[in-house]
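After this come two complexes, each holding chain A, first together with chain B and then together with chain C.
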Partner chain A sequence: MQEIINWSDEFLAGAMVIIQLFFVSLLMVIVWGLLGATAKLSNSRIARGIANGFTVLCRGIPEFLLLLIVYFGSAVTLTNIARSWDPEIRFMDIPPFWAGAFAISLVIGAYATETFRGAFLGIDKGLVEAAKALGLTRFQVFWRLRLPMMWRLALPGFGNHLLSLLKDTALVSVIGVQGILFTAQQATTVNHKPFTMYLTVAFIFLALSTVIVVTMKCIEKYAYRHLEAAR
Partner chain B sequence: MTFDGSLIIDSLPRLMDGLWITLRLYVLALTCGTTLAIALVLMRISSKKYLSWPVMGYIYFFRGTPILVQLFIIYYGLPQLEFIRTGPLWTFFREPFFCAWFALTLNVAAYTAEIFRGGILGVNSGLVEASKALGMTYTQTFRKVTAPIAFKLSLPAYSNEMISVLKATALASTVTIFDVTGVARKIVAETFAPYEIFLSAAIIYLVLAWVIQNGVRHLERRISRYAN
Partner chain C sequence: MPSKPPIISLKSVHKYFGTYHALRNINLDVEEGQKIVVCGPSGSGKSTMIRCVNGLEQHDEGDITVNGHMMTTDEKTGNLIRQEVGMVFQSFNLFPHMKVIENLMMAQRMVRKKTKAEARDTGMKLLERVGISAQADKFPGQLSGGQQQRVAIARALCMNPKVMLFDEPTSALDPEMISEVLEVMTELAREGMTMICVTHEMGFARSVADRIVFMDEGEIVEAGEPETFFANPEHNRTRKFLDQIISH
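Up next is the complex of A and B:
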């Protein structure tokens, strides 16, 4: 127990890194998901092909391998470009935090395209027709009708993606992002209590997962507040 | 930026060695995990709280924490405990392959138990009532009615889990196992050619995932040949 208290500041800092990474990735996931779902539902065969290919690739490759590809791939490319300017440069990379956030967002984003696509398909066609009949523009239909309706239908699936996203943030310690797992690795080299340290990490993740589950319950309740009276 | 094709061909034999380890880990973890899941789900749906509550806690822990952390607890963490290091279990827990298998198995069991539970809950209660009316015992009903239908209902979710486990085996490379990802990391460290090697590894995983997905689709079609 004393070991955990000794390292509590570092764990707190690590947790903050994880949480930041989570939210940065989350924003990217929403962008990927919406872009991908729109492309999959579009009439353009090219857009559908690209979106489907993206989904197959990002869901079929292990998250960990994708992370390595993004981080080391970008590092080699950047180093080569930098060397063509200045041969003295030995190594250049994208900050691991951003490479990690990007790689994780690709994986979860690929899953989100399917969830969003299903949710867009779940919208009552009559509503869209009614909105068009009222003279709303395409953008208005999307912004005021499709998006709010879709959001509600996508919530349960999206909640699961958020849990996966949180758990994937553990991976970035491998490329040197100083999250809680990284903290535990450092602590272990000093106090030789790996079991205590890694178990602490597990319980921090468990607590964060619980926060996500509870938050999603509240959001779901809010999304269906108009049906509260009927129930 | 050049793409060196001969490097891929040169490293293929080593990647194939890695593939063998990945496959072994995958098959062992999936079969053992699924078997354990059957036992867990039976406890989970039991009306006796001393059976269902521990399983609920187990599932909650393993689904709420990253596999990488679980793996680190087992491989790096357990040796901290005196009875592991000095006891007979140490022969197993000092082997990275055993630890990776152990972590993946426990993980698969937790997720699969929850999938099977969903399947069991999805079985039409009319069927269960009908079997009771026919005088079948609880065990008979479960074996001949609930379980087969639940299995069929669980298949789509289970096939997703099968793919997830395949992807999770890549984490074994963090505990010094030379599976496909482990071999790829080693070659990249030697040659510093991440695109060629990591993309070859990625293609291996994609092919495996494709084979699994098609296999399950085949099985699904066979199982539901009486429906529709």
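Up next is the complex of A and C:
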């Protein structure tokens, strides 16, 4: 217990890092998911091809590996470019936090693409026709009808993605992002109490995922209040 | 005195679904204020025809003119026409996640650019007119089918349309709710609204229609005033159809 208290500042700081990582990736996940889903449902063969390539790639490679590829790939490329300007430069990288957030968002974004696509397909065509018949433009129909209907249908599946996203933030310690897992690894090298330290990490993750589950429940309650009322 | 051009005009309209010939050489003029009832067996192209009028389906040949605008595949023209044409569907199609009054306000705000207060005001007036202003703050799912369809009519009327299209508005309703919807429609007809109604409610047709159009296999078989249509149908197909729906 004393050991946890000794390292509590570091754990707190680490928790803040993964929370930030979570929200930054979440924003990107929503963007990838929306772009991917609209591309897959579009008439353009090129857009569909790109989106299919994206989901095949990002769902097919282990996320741990993708993280390494994104981070070291970008670092090698950046270093080479920088060297052509100044041969003295030895190493240059994208900040690990951003590389990590980006890599995780690609993976979860690929899953979200499929969830959003399914939700878009689940929208009652009659509603879209009704909105069209009222004179709304295609853009207005998308913004005021398709999107609000879509996210409601996507909510249960999306909740799962949020939990995966949270857990994936543990991976980024490998590229040096100082999240809670990184803290635990550092502490272990000093105090040789791996079980206590990793258990602490587990509890922090459990606490954060509980917050997500509860939040999703509240959002669902709001989103489906029209169904609840109609019972 | 030159007569006004018809508000809706279909000239030699054809429509195909793949190889299926859904509309065959449809010609129909509707004058302002006229009420047209379209009937015919299922699959005869009634719905397809009125869906072509507001561009929910695109016709393949011929000309459709609505309120002086020629329907094209261009989205802008389609929107221009749809803004002046109200439509009521068989399955109501109310937006389930919005309250009744919000259903009525959305298009007014998005398309007519009205303020929230103006849109709400118009919405409440129309809900009153269809007799359900008490349900304004409920969700559509909390209403009966008849009430939902009356909301749908009010929602279309909020846009102050020049023409109303009804696509089997009572077919999805329980029998005891049909009359409340027909009453609203009859009232609307009496006020001079131009209407095209696809319906099998022959009582409504007899009392409201200026002209009844009978369709079969994608073509207009015959069209006439209700009295002659019901008393002396010209074609065998019409007679057969009328026998079938009236004898039950």
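Basically, the second predicted complex is superposed on the first by the 231 of 231 C-alpha atoms of A that agree within 3 Å, B and C clash if a C-alpha of one lies under 4 Å from a C-alpha of the other, contacts with A are read in each partner's own complex, and residues count from 1 in each chain.
What we mean here is this: contacts are C-beta pairs under 8 Å (C-beta built on N, C-alpha and C of every residue); 3 or more make two chains touch, one makes a residue touch a chain.
This is a predicted model, so every value here is computed, not measured.
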item: Touched partner set for A:M16, first chain B, second chain C, both or neither; value: neither
item: Residues of chain A touched, compared between chain B and chain C (which is higher); value: B
item: Partner chain(s) touched by A:V31 [first = chain B, second = chain C, both, neither]; value: neither
item: Which of chain B and chain C A:M149 touches, first, second, both or neither; value: second
item: Touched partner set for A:K167, first chain B, second chain C, both or neither; value: first
item: Chain B versus chain C as contact partner of A:L136, first or second or both or neither; value: second
item: Touched partner set for A:V214, first chain B, second chain C, both or neither; value: neither
item: Touching partner for A:L227 - first (chain B), second (chain C), both, neither; value: second
item: Which of chain B and chain C A:G126 touches, first, second, both or neither; value: second
item: Touch list for chain A against partner chain B, complex; value: 56-57, 59-66, 68-69, 72-73, 75-77, 80, 163, 167-171, 173-174, 181, 184, 188, 192-199, 201-202, 205-206, 209-210
item: Complex contacts: residues of chain C adjacent to chain A; value: 54, 56, 75, 79, 82-87, 89, 91, 93-98, 106-107, 110-111, 138-142, 152, 155-156, 159
item: Residue ranges of chain A touching chain C (in the complex, touch as defined); value: 124, 126-127, 129-138, 140, 144-145, 148-149, 152, 223, 225-227, 229-230
item: Contact footprint of chain A on chain B as seen in their complex; value: 1, 60-61, 63-70, 72-73, 76-81, 163, 166-171, 173-174, 181, 184-185, 188, 192-195, 198-199, 201-202, 205-206, 209-210
